[in-house]
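By letter and in written order, the chains are A, B, C, D, E, F and G; residue numbering begins at 1 in each of them.
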Amino acid sequence: MATVSLSVSTVKPLADRVFVKISPQEEKTAGGILLPDTAKEKPQVGEIVAVGPGKRNDDGSRTEPEVKVGDKVLYSKYAGTDIKLGNEDYVLLSEKDILAVVN
Amino acid sequence: MATVSLSVSTVKPLADRVFVKISPQEEKTAGGILLPDTAKEKPQVGEIVAVGPGKRNDDGSRTEPEVKVGDKVLYSKYAGTDIKLGNEDYVLLSEKDILAVVN
Amino acid sequence: MATVSLSVSTVKPLADRVFVKISPQEEKTAGGILLPDTAKEKPQVGEIVAVGPGKRNDDGSRTEPEVKVGDKVLYSKYAGTDIKLGNEDYVLLSEKDILAVVN
Amino acid sequence: MATVSLSVSTVKPLADRVFVKISPQEEKTAGGILLPDTAKEKPQVGEIVAVGPGKRNDDGSRTEPEVKVGDKVLYSKYAGTDIKLGNEDYVLLSEKDILAVVN
Amino acid sequence: MATVSLSVSTVKPLADRVFVKISPQEEKTAGGILLPDTAKEKPQVGEIVAVGPGKRNDDGSRTEPEVKVGDKVLYSKYAGTDIKLGNEDYVLLSEKDILAVVN
Amino acid sequence: MATVSLSVSTVKPLADRVFVKISPQEEKTAGGILLPDTAKEKPQVGEIVAVGPGKRNDDGSRTEPEVKVGDKVLYSKYAGTDIKLGNEDYVLLSEKDILAVVN
Amino acid sequence: MATVSLSVSTVKPLADRVFVKISPQEEKTAGGILLPDTAKEKPQVGEIVAVGPGKRNDDGSRTEPEVKVGDKVLYSKYAGTDIKLGNEDYVLLSEKDILAVVN
């Protein structure tokens, strides 16, 4: 039977996907990021823990990812698929949903 | 008349489709995957039992699949077409709906 | 006047279309396909009785169909155009709506 | 002033359009086509009375039409633009809305 | 100040647009066009009074228009932008919204 | 701090955008344009005051604009972004939203 | 744990994104920009503080950005992702959402 013991190290993203550990979000931090009170999409901070091999092009080559494991990134809160492993929150994103690196 | 005895081995996916046996999902497992309580798409775990020959490109060549039979995969719960064979649950997915390999 | 006597042999699908005789669907069959009780698209079984010449590419060539007359196929119940000839049910599908061959 | 006397012979379809005389549809005919009682798009039978020169490609060439004047065709009842000339019903269709030739 | 005296001769359509004088539409004319009583898009007759230079292709060339000044055309009543000059009704259409020439 | 003194001469449109001074619209003018009483998109007249360098193509080249500063143009009233400078009304449009030149 | 001290200098936009400091918007300024009272998208003024490396093309090359750090720009108020750092408002935009440079 297909039983799976999931841990962070077993998750290998495909194509242009990245696996991101979500940073806890305090609403107000001196010098930190603040979620503005608007109806627009909200930014979220996380750290990349795994990166896929890159998007496959039509000619079989791949577009190399622009981000790497360890990068801290801003992404839209509504993008991707949330995953919980133990007590930690993760998200599987397409690289195009990453707005900026904030190392 | 077109009567068909369906079994797992008779299902041959076309193009970039994969045939996946769905893993039973316990809501809370130590070290396992947890479905977060959000409105976003939910991840699901399964094991690939058949893989199509790959997406046909415009020049007649094919893009070779990135996954293989036996791979355990994460995919979005709302993707693809569910199929029940006997007492087992399966899903026919496009390879692009697979988020990550979790072997 | 444009009167037409329709029979199975007179239907010649265009481009990438296939003409499929729909298999009667029993809800529960030992070893057969079962429609799962979900809101997702439901699979349907049928047998191909005619295949179009293939999708025309931009350079005038055609992409050869991956299926042939006599193939038993799974397709989404909501795809294509249903046609009744005498007492038999048929459907005209695009090849891309065929999920798998189940010979 | 731009007054126009329309008759069948004056209608010259552009590009990939075809001009089709709609066949009267009896709901139940032995050996004929029956409209199934579903929510899906309904097929309709007609005879082609004029064919456009074919879709223009990006390089200036044209894709030759796959149908010709006199072909009897199945098309979706909801496709195209209906036109009445005298007491006859016609429809202007794109060739891609033709499902099959049924000569 | 940008004041403009508009007359038919001053209107130069851009790209693949055509400028059409709308023909008055009598609902029932012997041998003329009749609007069928359906929910589908209604055809309209007009005469072309100006034609743009053609759609610009990606390589800088243009696709030559298939219609010319003086052509009487059928188009969908709901396409384009209506313009009134004096007491006359005109419409600015993309060439792709023209269904057929009816000279 | 990023304070900006905006005047017409400081606005440099990017890519295929044009900056247009909106002409005051009298509802009924002898020989002028009249807004027809329909539910379709309404035309508007303006004069181009600045033109972007042209749309960048995939190979790095640009498609040269078809309009120039000083051209009087018809465009759809609902296109683009309205801007007020002092007491004058302007609009930033993509060139594709310009229907015709009416010099 | 992935804690991040965000400041303006740490934000590195990816691909064709730009990081913009939003200019405070007075509703009525002599010679400045005024938001017209319409239902259309509203323009906003800001100053670019960081620019991504440019959109990656299919062949691996990049399209060089048309804007640079220090440019004052007009963009649509509803585009992008708002970010607050300390007491300042910023927005992460795609370059295509920038309407014009207003230096």
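By definition in this document, a residue touches a chain if its C-beta (ideal position, glycine included) is under 8 Å from a C-beta of that chain, and two chains touch if they have at least 3 such contacts.
Source: prediction; values computed, not measured.
Engineer: Return the chains common to the contact lists of subunit A and subunit G.
Structural biologist: Looking at subunit G and subunit A together, no chain touches each of them.
Engineer: Quick one: subunit F and subunit G, Cα centre-to-centre, how many Å?
Structural biologist: 22
Engineer: Between subunit A and subunit C, what's the gap in Å when you average each chain's C-alpha atoms?
Structural biologist: 41
Engineer: Quick one: which residues in subunit E touch 2 or more of the other chains?
Structural biologist: 58
Engineer: Which category does the touching pattern between chains fall into here: line, ring, star, complete, or other?
Structural biologist: Looks like a ring, each chain touching just two neighbours.
Engineer: Quick one: what's the order of chains around the ring if we set off from subunit A and go to subunit B first?
Structural biologist: Moving around the ring in the direction of subunit B from subunit A, the order is A, B, C, D, E, F, G.
Engineer: Inside the complex, what are the residues of subunit D that reach subunit E?
Structural biologist: These residues of subunit D touch subunit E: 1-7, 10-15, 17, 19, 50, 52-53, 56, 58, 60, 78, 80-86, 89, 92.
Engineer: Quick check: in the complex, which residue numbers of subunit G touch subunit F?
Structural biologist: 21-24, 30-36, 38, 40-43, 45-47, 57-58, 61, 63, 66-67, 72, 74, 76, 95-96, 98-103
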